[in-house]
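Scrolling down, you'll hit the structures one after another.
You will see chain A twice below: alongside chain B first, and alongside chain C after that.
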Partner chain A sequence: MKKITPIMVHTFLILASIISLFPFLWMLMGMTNTSSDILKGKFGFGSMLMDNIHKLQGMTHLGAAFYNSTIIAVVGTIITLFLSSMAGYGFEIYHSKAKSRLFGLLMLSMMMPFAAVMIPLFRMFSNMGLLNTPTAVVLPSITTAFMIFFFLQNTKSFPRELLQAGRVDGLNEWRLFTLIYVPTMKPTYAAAAIITFMNYWNSFLWPLIALQTQDKKTLPLVVSSLASSYNPDYGIIMVAIVVTTLPSVVIFFLLQKQFVQGMLGSVK
Partner chain B sequence: MDRKRNKISLNGWQFVAIPSALILLFSFYPMVQSLLLSFQSGKGSVYHYVGIDNYIRLLSDPIFKQAVFNTVLYLVVQVPIMLLIGLVIAQLLNNPKLRFKGFYRTAIFLPCVTSLVSYAVLFKSIFAVDGILNKMLVSIHLIAEPVAWLMDPTWARVVIIAAITWRWTGYNMIFYLSAMQNIDPSIYEAASMDGASKFRQFFGITIPMLKPIILFTAIISTNGTLQLFDEVVNITKGGPGNATMTISQYIYNLSFVYTPNFGYAATVSYAIVIMVAVLALFQLKIGGEKR
Partner chain C sequence: MKKFLSVLLLVTLTASMLAACGSSNSDSKTADSTDQGGASKKKVIAWAWDPSFNGAALKIAKELYQKEHPDFDLEVVDMAKADLEQKLNTNLAAGVKEGLPDIILVNDPNIQKYVASYPNTFADFTDKVDFTKFSPYKVDALRVDNKIYGVPFDIGVTGMFYRSDYLEQAGYSAKDLENITWDQYIAIGKKVKEKTGKYMATINPNDEALTSILLQSAGSWYITPENKGNFVNNPAMTETLRVYKAIADSGIAKPVTGWSEFVGSFNAGDVATVVSGVWQVSSIMDAKDQSGKWKVAPIPKLNVQGGVNASNEGGSSWFVLNNSANKDTAIDFLAKTIGGSSEFYERFLKENGGVGSYIPAFSSAAYSEKPEFFGGQAIYRDFTDWSKKVPGISLGMYTQEAKDALKNELPNILQGADLTQSLTNIQSLFEQQVK
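On to the complex of A and B.
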C-alpha cells in the first residue's frame, strides 16, 4: 500500500474522467429518448430526437430564447470589455494616489453577495421602467471589479514605451488607448471575452428576476422552467440543455488556451 | 516635471470615471439601499422604518436558521473535499511522464463549461428514483434497492454536494496545475532520493508550496458557496421540506415567491454580507500568518 503504481494512477484518473464526462453522454442520449425512458435510466441512444425537437418547438420559443441569450451575451460582452479595459488601463497607466484608493474601494464589490443587491436593483429597474428588457439584464454587470482587475493585471506587462512613441507622434491620450493599447492587448481581450461571454450566457438568478414574459426569457430560464413544471418532459429538456451547452463547449474546444488563460488571468 | 505628471494623472480620469461610476451605481448604491431597507417593513411600495424589528425576527426564524445551517454545511463539507480532490488530480497530472495527460485534463475540466442550470437539471434526472444511477448501483450490488435521493433530507444534501463538486473540481485543478509549473521538479527528485513517499511529498512539498493559491481558491469557493442558488433551485427546489434551502434561495423566496417582504429579505441578505466579510477576514488572517 506504500507504493503508488501507474495502474492505480490511471485507474483513478479514468474513473474521474468517466464521472466528469458521463453527464455529457447522458444529455446526448437523453435528447434521443422519451421522458419515461430517461427517468427509468435507459442507457443508450433512442430514436426520439426529431420528436423531441418538434415537441420542444411546440411548447416554447426556443429560437427566441436562443436569440435573447445571444444578444445579451454578445452585446453585454462587447460593452463590458470596452468599459473594464478602459478602467484597468486608466488605473494602471495613470497611477495616482486618489485613483488607487478608488480602485481599492471598487475591489470591495467583488465580495458583495448578489443576493444583497438584487432587491434594490429590482426596484431601481422597476422605477426606470426597464424590467423585462435585455438592458436590465446587462446593466448590473456592465463593468465588474473582477474584469477591471483582470485588465489591470495584464496591463502590467504592457510595453509603455509604445505610449511614449505614440505621444511623440502626436496622438492624444484617447487615441493611444484605441490605436495602440487595444490592438497590442488582443490576447488579453480574447481571454476576457470568453469569461465574460460565459458569465452572461449562463447567468440565472438576475435574469430570473429581471425578465418576466416568455418571449424575453434566456436559455437557462427556459431549461429551468421546463424542468420545474408539474410533469416535466425530460426528452425535450435534454434538447434544450444541449442547445444551451453546445456554444460553450464549441468555444472551449476552439479557444482552449485563451479559455484557461481567462480563468487563470486574475492570479498571474 | 511635477506639473507634467499631474497632467498625465488627470488624463487618466477620462478612462476610469465612467466604469467606476457604474460600479458605484450598480453595486455600492444598492448595498446601501439594502441596508436601509433592512430596517423597514411594508407591502407593495409603502415602507416604513421599524427599527431592529426585522433583526429580532431573524433570530427566531426557523427557516432562516435552517438555511444558514444548510449553507454552512455545504461550505464545511463540500469546499475541503473539492479542493483536496482538485489538488490530488493536479498532483497526478503534473507528472511529465504520465500518458494521456491532455485527455484527462480536458475531461476533468469540461464540467466547467456547463451552465449551472443545465447541469443541475441533468443531475436531477440522473438521481431520479428509478434513474440511471440507482440502476447502476443496484446492478453492481452497492445498494440492495433504489435510494430516493431527492426525497430524503440527508441524501438530497449529498446530491447537492456531489453536484457542486462535479462542476467545480476541474476549475480548481486548473489553478493548481498552473501554480505547480513554478515548483522546481528537482525538489521532488531530491525528496524521492531521500526516500520520501508520494504521500509525504504531497503533504510536505506540494501543499506548503501552493499555500497562496489554495487560499485564493478557498476564498473564491467560500464566496460562491455562500451565494449558492442555481443548483439548489433546479435540483431540489430547496426540499424536501426546507432541507436543502440556502440563504440566497430564502431571500429570493421572501422577495418573489411568498408575499413579497423586501424589508425582511434585505435583513436576511445582510446575514450573508456579514458571513462573507467575516470568513474572508478569517481566511486572509490564516493565510497571512506564515508567509
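On to the complex of A and C.
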C-alpha cells in the first residue's frame, strides 16, 4: 500500500461530496413535500412544490426582501472592497513602523464581539436618524479588520517593480493604485467579493436590530420569521431557504476560478 | 497631497451616496406618518410571533373592535419569538423609543423579568380588565407587586394525548388512563412497548418541557417567588427528577434531539402518548391519516402533596408599552376584545385552535365541539375543565437560568448520580449564575 490509487482518491472524494451535498439535496426535496412529510423524514421528491411556493407568496413579501438584501449586499460589497483594498494597499506599500503599530491595533478590533458594541451602536444610529435604512446595515461593516488584513497579506506578494515602472512612466500614486494594482489583483478582489457578499447577504443580528418595518426586511429575517411559529410549515421554509441560498451559490460559481486563485495568492 | 485629496474626494462621494440613500428613506417614512395623521386613523402596531396563531388572534380582535370603532386600525408585525425578544431588549436597554410597537406579545416566563428590568415601561392593566373572569393561575403569572401588567392570552393547559388504537391493543381503555400517577404511566408504557412495539413517549435530555410540566402539576417551580433556587429540600423537585429518570431508565421513551424530531415521531406514529400543552392539537392534527385514533386524558400526577392531574406548558400575554403614542387606544382595544369578549375566544378557537383562559367563553358552543379527529371527544371542554385545576405559581425572574442549571446536571442524573448531591450542585450553579 505505498501508492494511493486514483480509485481510492475518487471514492473518498465521492463520499465527501455526498456528505456535503446531502443538506442541499434535503433542502430541494423538502421544497416539494408537505411539512408533516418532512417531519416524518420522507426521503424523496413530492408534488407540493407549486403549493408551497404559492403559500409562501401569500405569507411574505419575498420580492421586497430579495430587493433589500440585494441592495445591501451589492452596495456594501463594492464599498467594502474599495475601502479595504485601499487600506490594505496603504499599510503594505507605504510601510512605516507607526503604521504597523496602528495595524496591530486594528487587528485587536477583530477580537471584539459584535454583541458588545451593539447597544451603543444602536443608540448612535438612532441619534443619527439612520435606523430602518439600508445605510444603517451597511455602514458599520464597510471596513472590516479581516478584509484589510486579507488585502494586506495579498499585497505582500505584489511585485513592487510594477509600481516603480509605473512611477518612471509618470503615473501618480492614485493611478498606480487604480491602473496597476487593481487589475493585477483581480483574483484577490474576486475572493474578497465572495466573502464580503456572503457576509452581507447572511448577516442577521444587526439587520434584525436596525431594520424596523416589514418593507425593509432582508431575506434572512424573513426566513427566521417563518420558522418561528408554534407549528412551522417546513415545506414553505425550505422554499424560502432555497431562494435565500441561490444568489450566494450563483456568485460562488461565477467567481469560483478567481476565488481559488485569490486564496492561493494573486501573483505567482 | 494629491493622493490625500483624491481619497478625501472619494470619501465625500461615498458619504454623500450613503446619505442620499438614507435621506430618501427617511423622507418616505415621514410621508407615511403624515398620511396616517391626515386620514385620522389611529394605527396601532403590534408585535407577535406566529402569524397563524397569535398574529391571527389579533386580526380577529381587530375585526371585532372595528365594529364599534370604525376609525381603528391595527398592523401586526410577525417575527420570530427570539428575534422579537432580541429587538425589544436592545431597544429598551438602549433607551430608544423609535421602532417600538404599541402592543407586544410576552412569553409568560419573561413577564417578571421585563417588568422588573424595565420599570415604568409597561402599562398597568389592574383596573382595565375584570381579571376574575380569567383562570387564576394565568392572572398570577401577570401579577408583579400587586399590579397586573397585561391581558392574559393563550394558555398551555396540558393533557396526555394518546393513540387509542395502540392502548387498546395493549389492553387499556380510556378509563384506565384517567387520573393515574406517573408510576402507573410507566407500567402502562412497558405493557404498550411489549404488546405493540411502540414507544410510550419521547424524551429529550436537552429540553426541560417535561420537568416544567411535572413541577407545576405539584404547584412547584424551579425558583421560589423570592427568586431563589428551589432545588434543595423540595419534595416536588426530587419526585420530578425521580420520575424523569424512571421514564428514561424504563426504556419506554424514544430519545429525540429536537422539536422537529419530537413532532415527527408522533406524526409518524412511533409513540403512543404525547404529554403536552393544548396548542399541540394542531401539530397532532397535521397527520391526517391518524384521524379518529387520538384521544386526550388528563396528565398523570406526581405522588406528592398537592400533586394534581393538571399542569401548564407555555402561554403568553399581551403588554402595552407606556411610551407608545397610542397607549390609551391600545389598552382599550385589548381590554374590550382579548380581555373581555367571549366572541373573540369562540372565534379564536374555531379559526385557529387557540385556547384562552377567559372563563365565560368555556360554556360556549365552540368549546363543546367534538372533533372527528379525536374520536368525537369534546377535547376543548375537557382542557378547559383541567385548566381550572392548574396550580398557580410565580414564574419569577430567573426561570431560564434555573432551567439551564438543571439541564447542565441532567445527564449526570440520568447516569445514576446521587440525586441529593446533584440537586445541591444545581442549586449552587444557579446561585453563581444569578448572583
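Throughout what follows, the second predicted complex is superposed on the first by the 229 of 268 C-alpha atoms of A that agree within 3 Å, B and C clash if a C-alpha of one lies under 4 Å from a C-alpha of the other, contacts with A are read in each partner's own complex, and residues count from 1 in each chain.
Just so we're on the same page, a residue touches a chain if its C-beta (ideal position, glycine included) is under 8 Å from a C-beta of that chain, and two chains touch if they have at least 3 such contacts.
Source: prediction; values computed, not measured.
Participant: Based on the shared chain A superposition, would you classify chain B and chain C as clashing or fitting together?
Facilitator: Superposition check on chain A flags a clash between chain B and chain C.
Participant: Using the superposition on chain A described above, determine whether A:Thr135 touches chain B (first), chain C (second), both, or neither.
Facilitator: second
Participant: In the overlaid three-chain picture, which partner chain does A:Gln214 touch, first (chain B) or second (chain C), both, or neither?
Facilitator: Second partner only, chain C.
Participant: Which partner does A:Tyr189 contact after superposing on A: first (chain B), second (chain C), both, neither?
Facilitator: In the superposed model, A:Tyr189 contacts neither chain B nor chain C.
Participant: Is A:Phe66 touching anything from chain B or chain C once the two structures are fitted on A? First, second, both or neither.
Facilitator: neither
Participant: Answer with first, second, both or neither: which of chain B and chain C does A:Ile119 touch in the superposed model?
Facilitator: both
Participant: Let me test your reading of the model: by the given contact rule, A:Ile79 touches which partner, first (chain B), second (chain C), both or neither?
Facilitator: After superposition on chain A, A:Ile79 lies in contact with chain C alone.
Participant: Looking at the overlay, what does A:Phe24 touch: chain B (first), chain C (second), both, or neither?
Facilitator: After superposing on A, A:Phe24 lies in contact with chain B but is clear of chain C.
Participant: Which holds for A:Ser228: it touches chain B only (first), chain C only (second), both, or neither?
Facilitator: both
Participant: Is A:Phe45 touching the first partner chain B, the second partner chain C, both, or neither of them?
Facilitator: In the superposition, A:Phe45 contacts neither chain B nor chain C.
Participant: Return the chain, chain B or chain C, that is in touch with more residues of chain A.
Facilitator: Comparing touch counts on chain A for chain B and chain C gives B.
Participant: Chain B clashes with which stretch of chain C: 259-267, 313-321, 331-339 or 421-429?
Facilitator: Between chain C and chain B, the clashing stretch is 259-267.
Participant: Overlap of the chain B and chain C footprints on chain A, residue-wise?
Facilitator: 38-41, 83, 86, 118-120, 122-123, 139, 173-174, 205, 209, 221, 224, 227-228, 234
Participant: For chain A, which residues count as touching chain B in their complex?
Facilitator: My answer: residues 2, 4, 9-10, 12-13, 16-17, 19-21, 23-24, 26-27, 30, 38-43, 83-84, 86-87, 89-91, 93-96, 99, 102, 106, 109, 111-124, 139-145, 148, 173-174, 177, 198, 201-202, 204-205, 209, 219-221, 223-224, 227-228, 234, 237-238, 241, 244-245, 248-249, 251-252, 256, 260, 263-264, 267.
Participant: Per the contact definition, I'd like the list of chain B residues that touch chain A in the complex.
Facilitator: Result: residues 8-9, 11-16, 18-20, 22-24, 26-31, 33-34, 37, 85, 89, 92-93, 95, 98-100, 103-104, 106-119, 121-126, 128, 130-136, 166, 170-171, 174-175, 178, 197-198, 213, 216, 223, 226-227, 229-230, 233-234, 237, 247-248, 251-252, 255-256, 262, 265-266, 269-270, 272-273, 276-277, 280 of chain B touch chain A.
Participant: If we count contacts the way the header does, which residues on chain A are in touch with chain C in the complex?
Facilitator: Per the stated touch rule, the residues are 35-36, 38-41, 59, 75, 79, 82-83, 86, 118-120, 122-123, 126, 129-136, 138-139, 172-174, 205, 208-209, 212-214, 221, 224-225, 227-231, 234.
Participant: Can you tell me which positions in chain C touch chain A when the two form their complex?
Facilitator: Contact set of chain C toward chain A: 2-3, 6-7, 10, 14, 18-19, 21-22, 25-26, 29, 49-53, 77-83, 86-87, 90-91, 93-96, 98-99, 260, 263-264, 267-268, 279, 282-283, 286-287.
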